[in-house]
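Below are structures written as structure tokens.
In what comes next, chain A is part of two complexes: it sits with chain B in the first one and with chain C in the second one.
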Partner chain A sequence: MADKISRPLPLILLMWGLAAIVAFLILFPLWWIFVSSITPAGELFSKPIKYWPAHPTLDSYRYLINNVGLLPKITDTAIIVGLSILIGMIVSVMAAFSFARFRSRGLTIAVGFLLASMLIPDVVTARPLYDFLRSVHLYDTYTGLILLYISGLLPFSILILQNYLGDIPVSIEESAAIDGCGFFQSMYYVTVPLLRPALATVCIVNFITCLNNFFTPLFYSNGISVLSTAITQLPLRDNMYAVPWDLVSAMGWIIILPIIIFVAVFQRQIMEGIMAGGVKG
Partner chain B sequence: MKKFSSVILAGFLALSAVLAGCSGSVSETGSPAAGTEPAQASGKDEITLYTIQSTNPNFQEWLKETEEKSGVKINWVAAPTDSDTRQQKLSTILSSGDSSVDILEINDEMATSFKNAGWLEPLQDKVLTADILKQLPQGYMKDMLTSNKGDVIGVPTYTGYLALWVDQKKLDEAGMTSIDTEEDFVNFLKATTKDGHYGYGGSWEKTYVFNEVATFVQLFGGDYLDWTNENSRKAVKFMYDMANTWKVTPIDQIADKYEQMNQKFIDGKYAAVFMWGTGTDYKQANRYGPDQIHMINMPKFEKRSIFTDSWSYVLNSASKNKEAAIKFLQYAASEDGELNGWKNFDRYPARADVASNEAVSGDIKGIYTEIQQTNEVHGRPMLPQTMEFISEMGTLFQNYIQDKITLDDFCKKAQEAVERYK
Partner chain C sequence: MYAGKKYLTIAWILVLPALIIRIFTTIYPILETFRISFFEVRLLQGIRKFVGLENYIQIFHDSKMITSIQFTLIFVVGSMIGHIILGIALALILNMKFGGQKMLRTIVLLPWAMPMVVIAMASKWAFNNEYGLINDFIRWFSSSFNLDWLIYTNTARIAVIGVDLWKDIPFFAILILAGLQFISADMYEAAKIDGAGALGSFFRITLPLLSRNILILSIFFTMWRITSFDVVYAMTSGGPGESTALIAYRVTTEAFTNLNTGYAASIAVVLFLVMALLSWLSMSAAKRLDY
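For the complex of A and B:
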């Protein structure tokens, strides 16, 4: 506290100035997308540039709800993202625990394969996976999509959780065992609570990854449509080159909003996770 | 412990198996989705349509009328309107022999890529019979929708010209009443270039400029795929002169796409542009009308020539519902089908006889009819690797316009690109 008080005024002003610049750089595009989303199509490219539309309207949002099927897409997104994160997290914790606590050549190879899979671009596996999903009747199904989403989330989640678990002393679990905890009781009551900051961090990253995932729902489904692909289904105006920027902006804002809310709600846990990781390192 | 772990593992495996079994999917319409059973299984005439129109406010009305009049139940799947995304997706569906989609709505770029691949069913025998075919723009049908084998593979859903639009106020200021010839065109551009305003505005971004280069090549009677042709050279030299010699168009438009070009046109910076569509942007900006911005006939250079684009319905060769799909296509190609598209989607009928129907009205009809009757109507010259070719040609053109290469270099390299992508 004494440190803060002793800071000279110019330094404080400099810090606030830098913070304001960074905030502006981050927030201005969001503001501009929002303004574009409430600007009538005819005013979008008017000159001089208007930073607030002369006739603000929610028509773009109404259009998305009435004609683009926004609500079913939100439902589809919630189902797929929610289940993918939940199941992915359970599997990740168990896998990370086994990789962190047990040693064998098989496990080392498994970890290697898992991490190597992060290096393979989606497009390389797209066609064989497309044929495979069709042959097992998982193409264009919630199950198929959720499995693909989870498979995309696992390597990163396991990597982070495994590193974090490595810093938690085994003696805590041994103490729990001496006190009569079974394996899963120990996991549930001792290990998972200690993992909470890392889980929060992984959770938010996975949430953003899932919401932004464009390739998987585009390629492996037709009827099931999520928010990220909906932006490609907006109507063309007048000719094939006429992009409806007002609708694109509204849809962009709808995709961004859950991420902003999620980060705002879990901000403390995310920071704790990052801080805790830093201290342990 | 091991036993307990095994039980948990087995539980997870069971859960996975249950999830895998829950493979019922839902299409946008709530009907059985693509990728499951063929539509014929229901015992009715039923197809799955892959369409870009599903987000149009009048789509449901169009669908209802189409189902009633064609007698075919239509399940639909929303296609991406973004061209790259759509092309990837459709290439996968067609090349994999996927039968989950029967009818696809494709644009010119996709028609060029797919028409010789054997993925699309010929339509000349059952759908585009001679009496219908003769009503469609011959040049366009030949250039865009006819395969190497001579099969017609698509039913065009509309006609949309890349036409010349002028600002009437500037035409009046120039003391001209029409732009009928190459000489008129150049005079008009020169007369209206002053005070930072230009006679001609272009969209010369490296992929967009293709439309204008090809248009001038056509007007000069050249061949976009033959750069040894003297008239093709004349066309790009003409564009070079517009930018560098007469300075009637700004060279910095090499960064402009249609959004930027249209805004400048609306703002009065340009007197004339080539543009697709029916002027929606100008209407939205209250700049549309006979005394403001409006479409005129193409001036005659070596000839009058214009490009049209369209979206076309094509039949997937792997379809298991070909009979129903043919019924749908017959309806789409019929007078009723074209009028349905006009009524609900503002799509100007591709068939000349339907376009002359009194149900088709409005200020665009007069000029469209004049263009149809006086111009050669073509599809744009495209090669199978459409976007790569367009992009390379655009880069070459930009280099030429900026004096980085000579006209001879441009023509030589353009011909090499044609040979490479052919």
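For the complex of A and C:
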């Protein structure tokens, strides 16, 4: 490229230096959690801290699988997150389509309500919602949790999809209608495929949101245990530092490893998603 | 194209599932919260009676609650100052064009993508006096450093704010970066020709043009901060004493541990009103500053 700027060496070094500091501040704690997870419990309490264990072991991971029931937790998480994203996406595409394509006073109020309800903090509704779920026997059920997860995803998903739909001309659906498509056919075969980039972005961001959801499983389930709450429910040990740090680190690493891989793969889409919606972290 | 009664029916059918889910998970419970905030409800003793505004008055006589309000304010303000200064600095670093840019952006996304609980649990361990990462790091510079962060009010509060900053500054920086990318390179060229240095163009061009983003982001981040819960739940359990019990944490303790539901509801209503006020502020700020 003609306008490729050639920079003086000190400036390049400064850039790499700053980048290295940022990378260190973020990555080093993650490295330390990893090292703690493969250090034998006794060795964790040695001074000075060893940033590479003398006797690395997978004991804490083994303990999580055999004694804490890691696999059922992974299954629970997969069922809840998977279904929430899938059903949430269908429900939000329908709503976004309606809001982007039809006009009526009632619908305008409905959009306003959906977006405004984003402002209601979880803690404000927690107790009545808990009592309500108990009374309709949805407490601690997959159905109940999935409904709550979906509910959390709706406002952001609808907002993004609706904006994106606004840029897709209605004439595409009109020409499909001339070719003999019914309303739902043209929506499903013509419009939804065009939404694919927005759907991908929303899916990726929703995936992270669901995995990180802590409040919902903490208060609305007991027997069904997902990964994000599991880390606070590890069995305490009977020593001077009752919290089992080796297990906490291992559980932490199990939770963050998939996220690290996911972020590395979808970096660009996540960045766009965040910028498009200013998603809640 | 889509006009007429038939299409309006279809429109409502499409919206219905989303609407019903949101009504049952937000509207119904918030109305219920309003209602029970006027009752004294003690589930353990089986008490349930109308008390009017008594719960609201109690908030201002409850020393635990006053500590919570104080810390929430400190948390919001301290965290916001950190976000603005360090967040803008990080955004400028992310905006640099150099070979490692893509990798750096991926790394910066990690704290945003990780659950706060995991970070908070790990932090509890990291702030341990003898075996924690933080003190070990400080000991490189001052070898006899000793401090048990989480057992003193002030240091526990600093630790909580620090963890919140680590988790959220990258996210703030990405949103600032979005604003930075709208500033055209021509302006910097022009400033350069007029003889402005790097600092000059930062304070004369970058900062003023970002001011709207910064203001609106600050309001949003304040709102999220006011409802922060995970960090103190997993890291300090509100302690030592009640010194790090953020209001949102206090609400859940009253509602689920002390089973003092009516009182919890009144705090929740106040929290909701503050949120409503802030969102109104952010909307009018957005309108007024639109240029």
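Convention: the second predicted complex is superposed on the first by the 222 of 281 C-alpha atoms of A that agree within 3 Å, B and C clash if a C-alpha of one lies under 4 Å from a C-alpha of the other, contacts with A are read in each partner's own complex, and residues count from 1 in each chain.
Just so it is clear, a residue touches a chain if its C-beta (ideal position, glycine included) is under 8 Å from a C-beta of that chain, and two chains touch if they have at least 3 such contacts.
Since we're looking at a predicted model, the values are computed, not measured.
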item	value
First (chain B), second (chain C), both or neither touched by A:Q267	second
First, second, both or neither for A:L148, with chain B first and chain C second	second
Chain B versus chain C as contact partner of A:S135, first or second or both or neither	neither
Touching partner for A:W32 - first (chain B), second (chain C), both, neither	second
Which superposed partner A:A23 touches (first chain B, second chain C, both, neither)	second
A:F113 touches, of chain B and chain C: first, second, both or neither?	second
Chain B versus chain C as contact partner of A:G223, first or second or both or neither	first
Residues of chain A touched, compared between chain B and chain C (which is higher)	C
Partner chain in contact with A:V170 - chain B first, chain C second, else both or neither	second
Chain B and chain C contact sites that coincide on chain A, given as residue numbers	45-47, 91, 126-127, 130, 147, 183, 218-219, 229, 232, 241, 243, 245
Chain B residues touching chain A - in the complex, by the definition given at the top	1, 4-5, 8, 12, 19-28, 33-36, 50, 52-57, 59, 77-83, 85-86, 88-89, 92, 96, 98, 100-101, 107, 160, 208, 257-260, 262-263, 266-267, 276-281, 284-286, 309, 311
Residues of chain A touching chain B in the complex	40-42, 45-47, 63, 66-69, 72, 91, 126-127, 130-131, 134, 136-144, 146-147, 182-184, 218-219, 221-225, 229, 232-243, 245
Chain A partner contacts - residues on chain C that touch it in the complex	1-2, 7-8, 10-12, 14-15, 17-19, 21-22, 24-30, 32-33, 36, 90, 93, 96, 98, 100, 102-118, 121-122, 124-126, 128, 130-131, 133, 136, 139, 166-168, 170-171, 174-175, 177-178, 217, 220, 223-224, 226-227, 229-230, 233-234, 248, 251-252, 255-256, 261, 264-265, 268-269, 271-272, 275-276, 279
Chain A residues touching chain C - in the complex, by the definition given at the top	12, 15-16, 18-19, 22-23, 25-30, 32-33, 36, 44-49, 91-92, 94-95, 97-99, 101-102, 104, 106-107, 110, 113-114, 117, 119-130, 132, 147-148, 150-151, 154-155, 158, 170, 173-174, 177, 183, 208, 211-212, 214-215, 218-219, 228-229, 231-232, 241, 243, 245, 248-249, 252, 255-256, 259-260, 262-264, 267, 270-271, 274-275, 278, 280-281
